[in-house]
Amino acid sequence: MSMRRHGFWIGALCVLALAYGLTLAIRNEYAFFAGFIILQFIVLATAWNILGGYAGYVNFGTSAFFGIGVYTAIFLFKALGAPLLVQMAGAAVMGALLGFVTGLLTLRLHGIFFSIATVAMTIILETLVINWKYVGGATGIQVLRPPVTEPFDSYIKMLFVIGVALVIVAVALSRHVQGSWIGRGLRAIRDDETAAECTGVPTLRLKLLACSISGALMCAAGAPSAMYLQFADTTSAFNLNYSVSALAMSLIGGTSHWAGPVLGAIVLGVTQQALTVTISSELNVLVLGVMLILFVVGAPEGLLGLLRKGWARLARGGGS
Amino acid sequence: MSAPLLRVAGLSKRFGGFTALDDVSVDVAQGERFGLIGPNGSGKTTLINCVSGALRNDGGTILFAGEEISRLPAFVRTRRGIARSFQIPRPFKSMTVLENLLVAIDFGRAGHGLSADATEDEAIGILGTMGLKDKARILSSQLSQVELRKMELARAMAAKPKLLISDEAMAGLSGSEIDEVLDLLIRLNEAGITIIMIEHIMHAVMRFSQRVMCLDAGRIIAQGVPQAVMDDRRVQEAYLGA
Amino acid sequence: MFSFELLLDAVVLGVMLGCFYAAVSIGLSVSFGLLDVPHVAHPAFLVLGAYGAYALNQAGWDPIVAGIVLTPLFYVLGVVAYRVYFETFEKRGSDAGVRGLAFFFGVTFIVEVGIIMVFGVDQRTVQAGYIGKAIDIGDVRIPMRMIAAFGGALALTLALTAYFSLTFSGRAIRAVAQDEIALRLMGANPLKVKQLAFGIATAVVAVAGALLIIVGPVEPTTHRVYIGRTFCVVVLAGLGSMHGTLVAGIVLGVVESIVLTLYGASWAPAISFAMLLVVLAIRPQGMFGR
């Protein structure tokens, strides 16, 4: 058991070192520019899955958390000149709080009511920010990047490494939740909430916990966006595409294991980046929608399920 | 006689204009086998939903082991020692039989302090007494009807309850299966667990219970030893439909 | 600060707007309210109807006539959507919640992107003799397009209400919502009844979509605000209540109209969503709920 835990962290450190190594080895900034988006999606999908996959509460409000992350960062930067890591930490705290409050308001609702309530929250928060002149309101706001800090030679490369670190944090959290009593309780909630409560599972508390963790990660994922684009407006910060992407990537990857959303985000993220560059950005949303439908209809266990089935078939074939 | 384990006093529950329970008072003693009968819609399940916390009662009090519990959430009541099975089995479908029990041990006995391995041994032990040991690693969605019923009881037992409420645990079972489940419940009772049994299968309740209560339209119409309740004119009218 | 005339204006416009909101929601009141299908793609279908009316209007058709002409197509669309949903989720029963929602969410985005790819991202409007004119009733000035939408909405809502209470198939649809087994005993096939109901609910959306583009310009993302408006109306009404839908639509219309007059248009999108949250928190069974 402890071997495996160490294994994970050793792997994580290797990935981080590799990411830094890449920033030294590769000149072209574009790779990191595109890579950062994929990292963001991995975090969003992983975060979404903690509530949506483990507990079965379909959150359509990923973009609300993402947007609040963006604007928390902008506020902290504009008001206090806070550095990037402080912006992200602040956004995470904000996200946990928002997740908690959202949970209190909406988690007594089930199924579609919860989902619609999260859409409602998104639009309301977006409208609030549109009417908040200090952070730019409807017209948006320019952000001037501070100079890059050592040991990095470009801001985008630094963002990329920070993105990798955030992915590691997100995956570690998701993995911990999945393997612990929290994950077992959430699964019980997903299977049958009434039976879970009557078996001693504190359903509301667990859902609040999941919603807070998920919210914190989503907000933290949004926070670097302002520095990444050097600009923010409500339309892109609260873009509903984040909600679809997080949900679709989780479901396509497979929701029962932490690796599912990671896999889904990588596969779809890479496809999307390629499509956006080569054809059009509309087409990539279309592909996402079509893939989502194909998978929920035809492969409810996602890519992970398909891999497992393929593996089992191979093993059987090898045996005979 | 010592203080009752469960004391329900003046309990009422309304759904809109419909009165499901009307001034229901009953004591269940420690170690007792208590039968709850009544025609469909008489309020049996509503009563145990109020006791277990799935519903909130509108009026009256529920004392368990001397403490008022009627405002506590269901999971706290489970942890205090009230476990139940459901009329229609409600397994955690995506989990194995063993995992179903692990949920109950981990959450139903808060702070049990067992290691992961000890918890699993404990669960296997309970499955053994229920005759489900060889099903431990099977997905609960693949169990047969009688196995599901047993798993529900096993899961309830895994929370180490003082009081077990069995809501029609024998519905849809064959004659020999009914005897199997009945024997199981009697053994649990002999191990010291108080049991409330809701049942439509009359010979089973009558054989099992030391005391029986009959509800009709949300009111208690008879209470006492099985034979006396069976012979009660109002009980017979309620069942024949006056 | 706030004159009586302004308030009167706001209320009169609000009532008309409200009838329009009822009309765009009534399909959802059937598909979600009665049939319990998590139809989050309803607003997307609505916008699809609006673009359908736009396309025919370009060819010289009156938008309302265009909406009516489109109903058979939408009926088929509804039947197909329901059939897929039923076969893959409802019948198997397993995990229908999460995947059913994801399914309709996916449909929403396919519709949105499909519209963008065919018509582009720009706003579209329709032309008709009555659009752009206005009439004065006393002190209140009412645009003709609102009156057209109001009339259409009222007719649509009343027609559906009558259908559900007067005809045999309409009553069967209501029955299936309450007691599927009883319906089966009557000799009706619940699947066929539900399919019919979902088809009708979607067909109505074609006309409602035409009204949508008469009331104002439409763009591919318009459906997002209407998630709030339609679900707010249906939940506020009480699931499956037809006359409730009309009342709830008017309540929403008047509240929106008053807030708009007081605080300006930038708050408009949030109102229906905020009302929806409040209703869900305080009275989830709605005004006329079961």
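A few comments on the model shown:
Here the chain labels run A, B and C in written order, and each chain numbers its own residues starting at 1.
The working rule: contacts are C-beta pairs under 8 Å (C-beta built on N, C-alpha and C of every residue); 3 or more make two chains touch, one makes a residue touch a chain.
Since we're looking at a predicted model, the values are computed, not measured.
Here the chain at the heart of the shown protein, by mean C-alpha position, is A. No other two chains have as many C-beta pairs in contact as A-C. Work out the mean CA point of chain A and of chain B, and you get 43 Å between them. Separating the CA-averaged centres of chain A and chain C is a span of 32 Å.
Counting partner chains per residue, chain B has residues 93 touching two or more of them.
Contacts from chain A toward chain B in the complex involve residues 181, 184-185, 187-188, 190-192, 194-204, 256.
Across the complex, chain C meets chain A through its residues 32, 38, 40, 84, 88, 95, 97-99, 101-103, 105-110, 112-114, 116-117, 224-225, 227-228, 231, 235, 266-267, 269-270, 273-274, 276-277, 280-281, 284. By the touch criterion given at the top, residues 52, 56, 58, 60, 105-106, 109, 111-113, 115-117, 119-121, 123-124, 126-128, 130-131, 138, 240, 244, 247-248, 251, 255, 282-283, 285-286, 288-290, 292-293, 296-297, 300 of chain A touch chain C in their complex.
Of all residues in chain B, those touching chain A in their complex are 52-54, 73-75, 78-79, 83-84, 86, 90-95, 99, 102-104, 106-110, 155-156, 159.
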